[in-house]
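Let me give you the structure first, and then I'll get to my questions.
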Amino acid sequence: MAAITETRLSITRAARHRLFWPAVILVILLVTNVFFSGSFFKVEFRDGHLYGSVIDILRASAPLGLVALGMTLVIATGGIDLSVGAVVAIAGALACLRISGLDDQNSVTGVLLAVGLALLLSLALGVWNGFLVATVGIQPIIATLILMVAGRGLAQLITDGQIITINSSPYKMIGAGYWLGLPLCVIIAVGVAVVAGLIVRRSALGLLLESVGGNAEASRLAGIKSRWLILIVYVFAGLCAGIAGLMISSNVSSADGNNAGLLIELDAILAVVIGGTSLSGGRFSIAGTILGAVIIKTLDITIYTVGIPPEVTLLFKAVVVVVLCLAQAPKFREKFQRRRPSAPAPQAPQQKVEVTA
Amino acid sequence: MSTTFEVLQKRVIRRPQQRHIPVLATLALLCVMYGAGVVRYTGFSDTQIVLNVFIDNGFLLVVGVGMTFVILTGGIDLSVGAVVALTTMIFASLVRAGWSPIAVLPVVLLVGAVIGLAMGSIIHFFDIQPFIATLAGMFLARGLCYVISTEAIRIDNALWTSLADYKIRFGGFHISWSVVIALVVVLVGAYVLAYTRLGRNIYAIGGNQQSALLMGLPVGRTKIAVYTISGLCSALGGVLLTFYTSSGYGLHALGMELDAIAAVVIGGTVLTGGSGFLFGTVLGVLVLGLIQTIITFEGTLSSWWTKIVIGALLFAFIVLQRAVARRTS
Amino acid sequence: MGTALLSMSGISKQFPGVKALEGVDFRLYQGEIHALMGENGAGKSTLIKVLTGVYDIDEGEIALDGRPVRFAGPQQATEAGISTVYQEVNLCTNLSVAENIFIGREPTKFGRIQWGVMRRRATELLQRLELDLDVTAQLSTYSLAVQQLVAIARAIDVDAKVLVLDEPTSSLDAGEVAQLFRIMRQLKAQGIAIVFVSHFLDQIYEICDRMTILRNGRLVGEHLVADISQLQLVSLMIGKELALLERLEDAGKRSFDAAPAVAQAHDLGRTGAVEPFNLTIHKGEVVGLAGLLGSGRTELARLFFGADKADSGRLEIDGIPVTMHGPRAAMNHDIAYCSENRKTEGLVEELSVRENIILALQAARGWTRPLPRRRQDELVQKYIDALNINPKDPELPVRNLSGGNQQKVLLARWLITEPRLLILDEPTRGIDIGAKAEIQRLVVELSDGGMAVLFISAELEEVLRLSHRIGVLRDRRLVTQLENTDAVDLDRLTETIASGT
Amino acid sequence: GGEKADDAGSGTKDDGKITMGFAQVGAESGWRTANTKSIQEAATAAGIELKFSDAQQKQENQIKAIRSYIAQKVDIIAFSPVVESGWDTVLKEAKDAKIPVILTDRAVDSKDTSLYKTFIGSDFVLEGKKAGEWLVKEYQGKTDTVNIVELQGTTGSAPANDRKSGFADVIKADPKFKVIASQTGDFTRAKGKEVMEAFLKANPKIDVLYAHNDDMGLGAIEAIEAAGKKPGVDIKIITVDAVKDGMTALAAGKINYIVECSPLLGPQLMDLAKKVIKGETIPQRVLTEESAFTPEQAKTELPNRKY
């Protein structure tokens, strides 16, 4: 009896965690796949690297996770960045344009130069957004809408509206390569997330961002110079989107100014929200965002594996999104749980809460 | 001590109120932009060009009205474009099945309102962020379109075609029914916002939801109402779009939510809610429409330059708007 | 006395980690003014919110007019005749003054709001409180005290059986309080029952008939005000004796002419806010600001901190002219400003107590130099103890603290920055007497230690008690400065404020 | 309106130069860009003044553009409809304004064929059929089931609908052909690769891939190679479009068959436009000149590919 209550308690404790329910949904999605593809969880070592559906999910999540990571910090300050998709396209386009102009597309220095240039441009675009929001004082959604529209045009201008195909094995490493048997893009994404997480939580940046997002005027009067902070987060979002752009274009060895990163801003915001960060700013969770990105990509891949026809894909997504946010909503669980306990002991659940608190 | 009369007098004589400045700045800039168009392009001064902006954006205006309601409460509605598409789709398929458009009309309006109601209820009762709830609504509505058909369905109905083609003529110019309907919607919306309890509750919630709750305002009801109104407006926008395109199609109104949000925000409404005017949204729609018109008049831009120029015009407009509003305040 | 108009029995309310109310009984009779007493965090506001349905009740019954009721939200409570002014001013500052008074029950004709009628009635209503405002102006253009009065105006206009006022007087000056009391007596005569919460004991003794005392969420007693002395009341509230107040009486009254000036304002001013003024604050000196509501005390203080930019005159720090670019620049000169409006200008509600306390210090260090966690914990613990912040858990979201405890958190934020000039705007707003004495003692200590303090309070006694010099403001002008000698007493000060000489 | 002599915006000048308003769908793919280029170049070559607008995949925008051309009184309007339905109103307006209209690339489903002069473009259903026919021929005489996976274009778009149905029409005659998975790849390489990766894991035996355009096929090839299989050998690949990258892969044997869908209809369009203006009679339907390629044909054709 005691042991049972003990496990019960630890389960309730885990269930309290903000990310418990999203994680449950992720597991359910993953398990669903097994019924349609028996070898879903099989991970083999093939051609010197890991190979399997789970690896696919991680690889597909890497760029989205990166974009969402940048978006998280922007949202923490109470902003939003719609231009990430355009930056994804621009970064990929510029890198591929440079590489396609190389005599030897396999030259590592040439590729590094191209990559550096693309990232530099992404940074600059981030500065542009940050400038409009922090200095000019335009509402973030409109400020970044400008680059969202014009940036896509810029990407197409760079590629001349064509798809630039390249054949560069160093460049291909970024999105489709492996290191120590692990997908390099996942390593990069995790690396950036870890570094960002460390910087944000080990320095005071995270606190100051949450403060600015939570109450801008109070933060100003507490001496926080929010202008710089806001600039930094947009620059970081630009950089993340740039890296993601390189991954996406490298994965298919081509730059598609029209389609690369199309609507990725929507998925990224969704990932942030699933991860438990409120769109109105304030508290944020990087781990939550990464989990959110993985859930979204798992959902996509589940749709392919299960063979859901394209016509009903969106309905399926709608259902999953609703279930996901209901599961996460304390208010929903409250209503659901209150109905459950059987009549004779209305006191009991209340008591339990007290014990675990 | 000032009497009521003096207070009133102060109000009339005083400079425009602080909260009107963004809208006035927008109006002024819109005029400047129009003037620039007239100077630069032949035929731009034709009054019909202005009327065309209304004709071409009637549906966006109606959708924008609903969006303004939502944004004023501090929410957002991403489902509008999809609901517009769904409306055209249901409309077209029912008409094809032999229904009279007059009978279909209440059905589609109801569908739109119900989708809005459902989203509003989820947002209120379970405290779900509007972004995610309406995103689910967007997936749902688009998904339903494809379930009905992946192909476009033409609306082949004499009554509807004649309504769609009908031109209300006056003094050599003409407008369409959709313009009339859109303007009526704007007026009704503006009236609701300014002169009804619902409208004032919307502003209150946008200002501070917690306070509104403690002041004993019906926060839940108002929030649900707002999304229902938005759904209804989207459905009506969809109906107007069937005037415009005479077809139902799952890919109609792709990305219209962004246009609508942009129009609302350009019109001076703050995304966090609580301040803004419907008239601003009208201006916002006109700004977007005018930019589009300028692009077509320019006529020589490649696809990418089109986007870049749209972005640049938007940029110029918004930065000037900021500057003007800052200067005057 | 017959049956109670409102009775609450066995009320319990549990928040995660805190039992805010435990088996509390409360009775309210028709035509009485009933004080709800207790320390900060005793559960007064929670009891009120439980009554009006803001929070669900865990246990207990409520009966109104003998019928059991349970409200799902403030809306139902209002409809049932319970009109409430909550502790934090809960109005919509984006709406006009008139609307804030009438929203939810606007005068309508065929569903159309009659704006003219509404404005007229709002003006009339405010005149009952002797307040003359432009009712069409946005509420945000008015100071917190005015907002508090607007909230009161809103509450007293309803046709209510029960009026609940949770610390309505926390930023009001004596005149405004008198107006409020006059109206409360009128309402009482009409048979309305009033619940009144305040930390000013004098006010309680002036207006209330009975009182209910809470301590740590439990009922301590229900008494007739006449039956119990102030000292008894205090010991009932805090559970121990208190004898601090006397000790402070003769603090100061020194001359500071020889002391170096920390901050000097020369014709400093801002159009529309304060007219150019000259004011010098010396090292170790406490300068009090006195004035009527809206006289410009807050605005004067903000200029020293750069919270607003001055558009005339100059400011000297240590005799060197500086341009105050903003709060951060002021902080670099070791100036701190504790705002009167803790909700919108002070706290970041979702952050924890610890994070709120270290915020200003951290901002001053910059984001690259985080305060080590151990040092944070030390500092925070020190001030939690010193100011008796309750509950003591520094990781609680500050939102979950009671109003008075939030105020202490804000104060702690600035104290840990160890400034040379500390600007305190209504620092004792909503703070219980125990903690208030503590804070006053702190101010004396700090100034003895050489800190310059600019002290603003609506409570003139407090200003008199603490200040070495008092600046008097009137209509946004610093009209005079009085050395706080024995010649200056409450009457003299009141007179100066009224006459301006 | 006040006309200005120095303005380039007017179509009603009596210098005999033809002004054409062209309302393009957008620039959603390399194919489309090639289409646009072809039209622009052909216009310059033919001495026709081209007013070009990009609708960014929105029918509303296209209608607006056409309205604007009518207002600007161009001599002839051409456009590639985003969708087939819903053009009657605006076409009637053009007709009332006596401006002839030519459709390119896609048809409209208007019953009143007098609303436009002619339609020049490919037949997407036919393309799907060609793909199916090649498949049927390839597996002639074999009895084993053929597992097919399909990468569809953007859900709801006309080429996706038609290429799917044309293909299905042909293969349904023989039960050995089984489409075991069909999913949209949004006409892009990235999505094509992502979907194919999942297909490969969920379906151990895939014989044939049918992709609605080259780009998705090219993305899928990467996925197939990553899975350790040989595209074109282990899995036969059929695609549509024949853009340069696709043809290169075809020549390399990674794709087995490409059905051409030519974007280069500029010269034909300008020819027709001139004829229409001169009042000559022209056929109601003009097919673009296009074929289909096998790897051998690709090798000879490749050097000539411009897009």
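Note that the chains are named A, B, C and D in the order they appear, and that numbering of residues resets to 1 at the start of each chain.
Here is the rule we go by: a contact is a pair of C-beta atoms (placed from the backbone, for glycine too) under 8 Å apart; a residue touches a chain by one contact, two chains touch by 3 or more.
Please read these numbers as outputs of a predicted model, since none were measured by experiment.
Asks: Which chains sit in contact with both members of the pair chain C and chain D?
Replies: A, B
Asks: What chains touch chain A and also chain B?
Replies: Common neighbours, chain A/chain B: C, D.
Asks: Would you mind pulling out the distance in Å between where the CA atoms of chain A average out and where those of chain C do?
Replies: The mean C-alpha positions of chain A and chain C differ by 43 Å.
Asks: What's the distance between the Cα centroids of chain B and chain D, rounded to whole Å?
Replies: 34
Asks: CA centre of chain A versus CA centre of chain D: separation in Å?
Replies: About 34 Å separates the centre of chain A from that of chain D.
Asks: Would you please write down the residue numbers of chain D that are in contact with two or more other chains?
Replies: 27, 33, 36, 155
Asks: Pull out every residue in chain A that's touching 2 or more other chains.
Replies: 156, 161, 310-311, 313
Asks: By the document's touch rule, what are all the touching chain pairs in this structure?
Replies: A-B, A-C, A-D, B-C, B-D
Asks: Under the touch definition given earlier, write down the residues of chain D that touch chain B in their complex.
Replies: Against chain B, chain D makes touches at 1-4, 7, 9-10, 21, 24, 26-27, 33, 36, 50-54, 56-61, 63-65, 67-69, 71-73, 82-89, 92, 109-111, 154-158, 160-161.
Asks: Which of the residues in chain C end up touching chain B in this complex?
Replies: 54, 73-75, 77-79, 84, 86, 90-95, 99, 103-104, 106, 108, 111-113, 115, 119-120, 123, 132, 134-136, 138, 154
Asks: Write out the stretch or stretches of chain C touching chain A in their complex.
Replies: My answer: residues 14, 16-17, 58, 305, 307, 326-328, 330-331, 337, 339, 344-351, 355, 359-360, 362-371, 413.
Asks: Quick one: in the complex, what on chain D touches chain A?
Replies: It is residues 27-30, 32-34, 36-37, 152, 155, 181-184, 186-190, 193-195, 197-199, 201-202, 215, 218-219, 222, 226-228, 245, 307 of chain D that touch chain A.
Asks: Looking at the complex, which residues from chain B come into contact with chain D?
Replies: These residues of chain B touch chain D: 41-46, 48-49, 52, 55-56, 59, 92, 145-146, 150-156, 161, 164-165, 241, 243-255, 292-293, 295-297, 299-304, 306-307.
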